[in-house]
């Protein structure tokens, strides 16, 4: 029962943040701020949905000592870790590329990187 | 040789994780263990020059590995949650004041700076845009630059985070 | 040109993971989705991560075209060899001699739904490995060739 | 039922992304749309219970094909009109 | 008449060896006729020079007929056809693909509706 | 002119290809005896749990060989494109 | 040992060139001599295997080889309920004929190529692709499985495209390769759609199985059109021929000679589909006339386009299209009267024999002509007819070979072109006199254009820029000589060839039930 | 009719791919069209093998019901690898064309015509 | 408790469309790259969820492959945008 509530909560949080992330992607003015929305929030949301699956796997494993549910949990964990890892790195790469391509941050109050130069 | 061994152990561990629940020797079947060892040797032979590029084996200490989950589930999770709620508010309200700051990390090793940059990217309204390869200073795009930060040329990494001292944690793990 | 230090470090960390994961997929081709092509492609993608994170000049020393070419030919020869093996036993070409024989990969499999056991399926895992090696080499070398064309163009 | 809806959505996404490939004049954008197309078709394979093919399409179609297309665009020109 | 060499074509047959023999016989006859010709011919004298109304003979390299000079009349006679068929080979890839698809479509119409 | 040709061609192609969804039922294969054989006998004959792999490498292994050869061919062809030319290979246009 | 070889010859036919190709890139690194020796060894072995297999097929009937079964002859497993489940090679007389063509032509061309292309770079890749091309042809003509046919078609396409683009320095060859490859990829995908349709309807991939279940529904008609269009494009029939002159003229000469064989492998695929898969179920008159019209168009447009050409290889390429038309015409007439047994006996079989005989003849003399063009290019460095002249003084043997090839293609007795064309004329005349007249006119135009080529290359005084030109080197002459000898031999003893090779092939092609019975065991 | 949606998608995707090949003039765009066409054919093969309510043809611990057909998946694997090989070779051609001609517009890549 | 997974998967697939709006409109290539990256992330989540919905443990492997491989195209795009390639 607790597990079910946890799963629903995780899924709700996950879809909530995903939706917000997409809205941010559509609303924000420039590429860096959009990246804030997507990188953080969709990653967070997706990891939370994965977390729901992990909780499901663990509880199912504890219920019926069937190792396939443990496998489910472990593989989902690996997927989630890989997701977080690659997303952070990928958004850094895109941000760097965008800055090197000369895309200025809109409404920026300060740009220390511009002062350093390429 | 140490590089080979380290890579082998890491790879073998990942392989065991992937094949958990396959048999009766612990969680694994005998053939999986043998295959894992063989593949581990192959992969270690190929990638040892990549994984251990600098001859720095401080990360081989198993205690540091144990710290990683603690770090991720503890301070990091809190920071991430706070940051996400913060950005979520900003998505809804649309109040942003972005800017790119120069952040002194204080990290010396590649791994440390790597973990710090990833943590920064995933946490508080900030994205690592670039890195000064000599001084290991990060250039961070922040969604809400305070007036205080705007004035400073270099911001310490600690001040980006609200609750936990993430740089100290990372230093504990990676350096 | 190299990408930033963070990406390079990340790529170096990811490379062994991609490699072992690809080889896991290759080796478990007869139990889980995957097999030689998919695993080989994953491994080649791991190599691609390193290639893109570092500069072509750095990588050209570490991942050599000749090695990759040799790997590709060796994979194909292993594949054909596994197929020719059947001729030696008097069967037709491509017959699965090792299945259910009790030797290498020779255990019989339980019928019906079961999670599977690595040591089964006879010659199929060997062919999977062969194809995996081949695809690894082939896709990597395609990337390297295209990148080398890029460098040559800049040179002129 | 809800799986059916997902299926319909995925197919709609496939057609839209294919049209985007046709429509973009910026080749990089077209390649990105082709990447999305590859991902979606891989998801479609997944829904049609073909995980082997889904892995294959994800690895080869979405990862490497996009990469080599980008290298080729870099070697040639980015816009449909011509000049670099 | 089922010789190994003779090709039966349903309505008749053809024997290449017989044909060869015929050619040889004809060649012998031609040779015999040639033998009966004037024997006073000598190489390297003015006998070999063509008579072009008294003009000097041009250099051989100059009078060599190049490929594009041949069949001018034929090409000119079929101008209408060639003006259509040569531009059809535009060299544009899209057109070639369109030809392929168009032929496929035409075959669809023919096969499915007839 | 050409535009009309394109339109007519694609119209006919659309009509012809629409016969496929018109006459085939998705989800209900018209016949499946060969695949039922694979699904039934895969585990005893090839001792593999993944039927796709056993089809790819055992029942239709020869296709897979051909496919690997295709990849090999493409690699060789690509290498041929990016080779270093020798000096004496001059080839005039037309 | 001999029994072992005979039993496994179909597998070896694919294996030997494949293994040769896999090892070739590394053998090439040792030294050019070793590389040449290796390639010739592999090619000799392939030729021997092909000839052995063909002789076995012509003596003992259709050969079956099942890949992956316990024994090579076990087509239908006992517990499968009468369906073949594995990939089956079905080598009947027609396949064996094509194998012989490919093997002999490949051997001659390879001998020629060893010396003709020795100055170029990237040769180990070149020979690898060459062997892969031969593998593709062999696989296409021997396979009895439709998807396998597609795979070999792709191998052939990719290898051919790589070889066409071999001379990358001018860029023209690459342009030709792009045109060829885009078209052939689309064609291959069309074939794949057709395979999918067959699979969806009958759940079978084996040609014999599809044939035995064939209903000729609306979908089958769609599949038929897709396949006809794709394979007609691959063999260069007008109006799908546009890639042919580009590719033929820009590829190295030895490759062009093989491309001719490759086109004919596609032609074989077309005939196989029409005759073996559909046979009597289809509307034979309609499809027959489609093929006849394609053939007529090919003949006329090919030869008329050939006459004004200035590039000698381009001219020959258009002639290749034109000659493909003869084959389509002959076999199309056979198809048009397929259901009608008396007509079939009176001229249908003769027409098919003529068409098939023309395939083998064309491969030989067109290969010979392309090789002579390559030899001329090897010595003087141009294909442009306007800049040639007077080469008859210095390249006598090449001239003789060229004359043989040109007379053969123009249908002058006693060379082989005449024999097959005679068969086509007579049988087509019985079918429809107008077609025969067109065929004869095309033949005359062919002769006219080759007179032009002969005149502008070999006739005339010795030109000053070609003073130092010498005869082509010995291996090239040997390669050409093999083909020329075959041309003369086939021309002198046509009936023997027809009886031993062609007639069994034609009857095997027309005999659908025999094909099905040989695979499914009398079903 | 609704259940034939994948087949309709196949038709739509093939037509989009073919239209890209025929109408667009840029080589890279044409190659993208080819990949779309290939994907459509792959989707066609996979849809042929789908059995309503079936599970993936892999024996695991999952509850065993009907399985979808396995052969189309094997064929599609082959087709995908062929597709990537094709793309690689075509793109390398395009790169060489760019180097030699300075353009990848098909209207200008027409030195071989007539 | 299986019933909760598929609606979430549906929501996530629908979100892919919204991300494609950014792909269409994005003024710079970087915006499009961000959109594609987002699509990849969502897709991994969808794959994991659908794997549970279909009760096939082995399907999760596909998600791992996705997560790894989308990274490659992202890196290539980033390198291209930055002008380093």
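Order of writing sets the labels: A, B, C, D, E, F, G, H and I. Residues in every chain begin at 1.
Following the convention adopted for this analysis, a residue touches a chain if its C-beta (ideal position, glycine included) is under 8 Å from a C-beta of that chain, and two chains touch if they have at least 3 such contacts.
All values derive from a computational prediction rather than experimental measurement.
Chain pair with the larger contact count among E-H and C-I is C-I, by C-beta pairs in contact.
Set against the Cα centre of chain G, the chain with the most distant centre is B.
Centre to centre, using the average C-alpha position, chain F and chain H are separated by 9 Å.
In terms of their C-alpha centroids, the spacing between chain G and chain H amounts to 28 Å. Note: centroid distance chain D to chain F, computed from Cα atoms, is 18 Å. Shared interface positions of chain G, i.e. residues touching 2 or more other chains, are given as 18, 22, 25, 67-68, 147, 151, 154, 158, 161-162, 165, 168-170, 172, 174, 178-179, 182, 186, 200, 203, 205, 218, 222, 225, 245-246, 305, 308, 310. Contact of a single residue of chain C with at least two other chains is seen at positions 3-4, 6-7, 10-11, 14, 17, 21, 25, 31-35, 37-38, 42, 45, 48, 52, 69, 73, 76, 80, 93-94, 96, 112, 114-116, 135, 139, 142, 145-146, 149-150, 153.
Counting partner chains per residue, chain F shows two or more touched chains at residues 6, 10, 13, 16-17, 20, 24, 29, 32, 34-35, 38, 43, 49-50, 52-53, 56, 58, 60-75, 77-79, 81-82, 93. Interface residues of chain A facing chain B in the complex, by the touch rule stated above, are 17, 20-21, 23-24, 27-30, 32-33, 35-37, 39-41, 43-44, 67-68, 70-71, 74-75, 78, 84-85, 88-89, 91-92, 95-96, 99, 105-114, 116. Listed in rising order, the residues of chain F touching chain E in the complex are 2, 5-6, 8-10, 12-13, 15-16. For chain E in complex with chain G, the residues that touch the partner chain are 3-12, 14, 16-17, 19-20, 60-61, 64-68, 70-71, 74-75, 78, 81-82, 85-86, 89, 91, 93, 95-97, 99-100, 103-104, 107-108, 110-112, 114.
Chain C makes touch with chain G in their complex at residues 69-70, 73, 76-77, 80, 84, 86-87, 91-96. Of all residues in chain I, only 6-7, 9-10, 13-14, 16-17, 20, 23-24, 26, 29, 32-33, 35-36, 39-40, 43, 46-47, 50, 53-54, 56, 58-59, 61-62, 65-66, 69-70, 72-73, 76-77, 80, 85 touch chain D in the complex they form.
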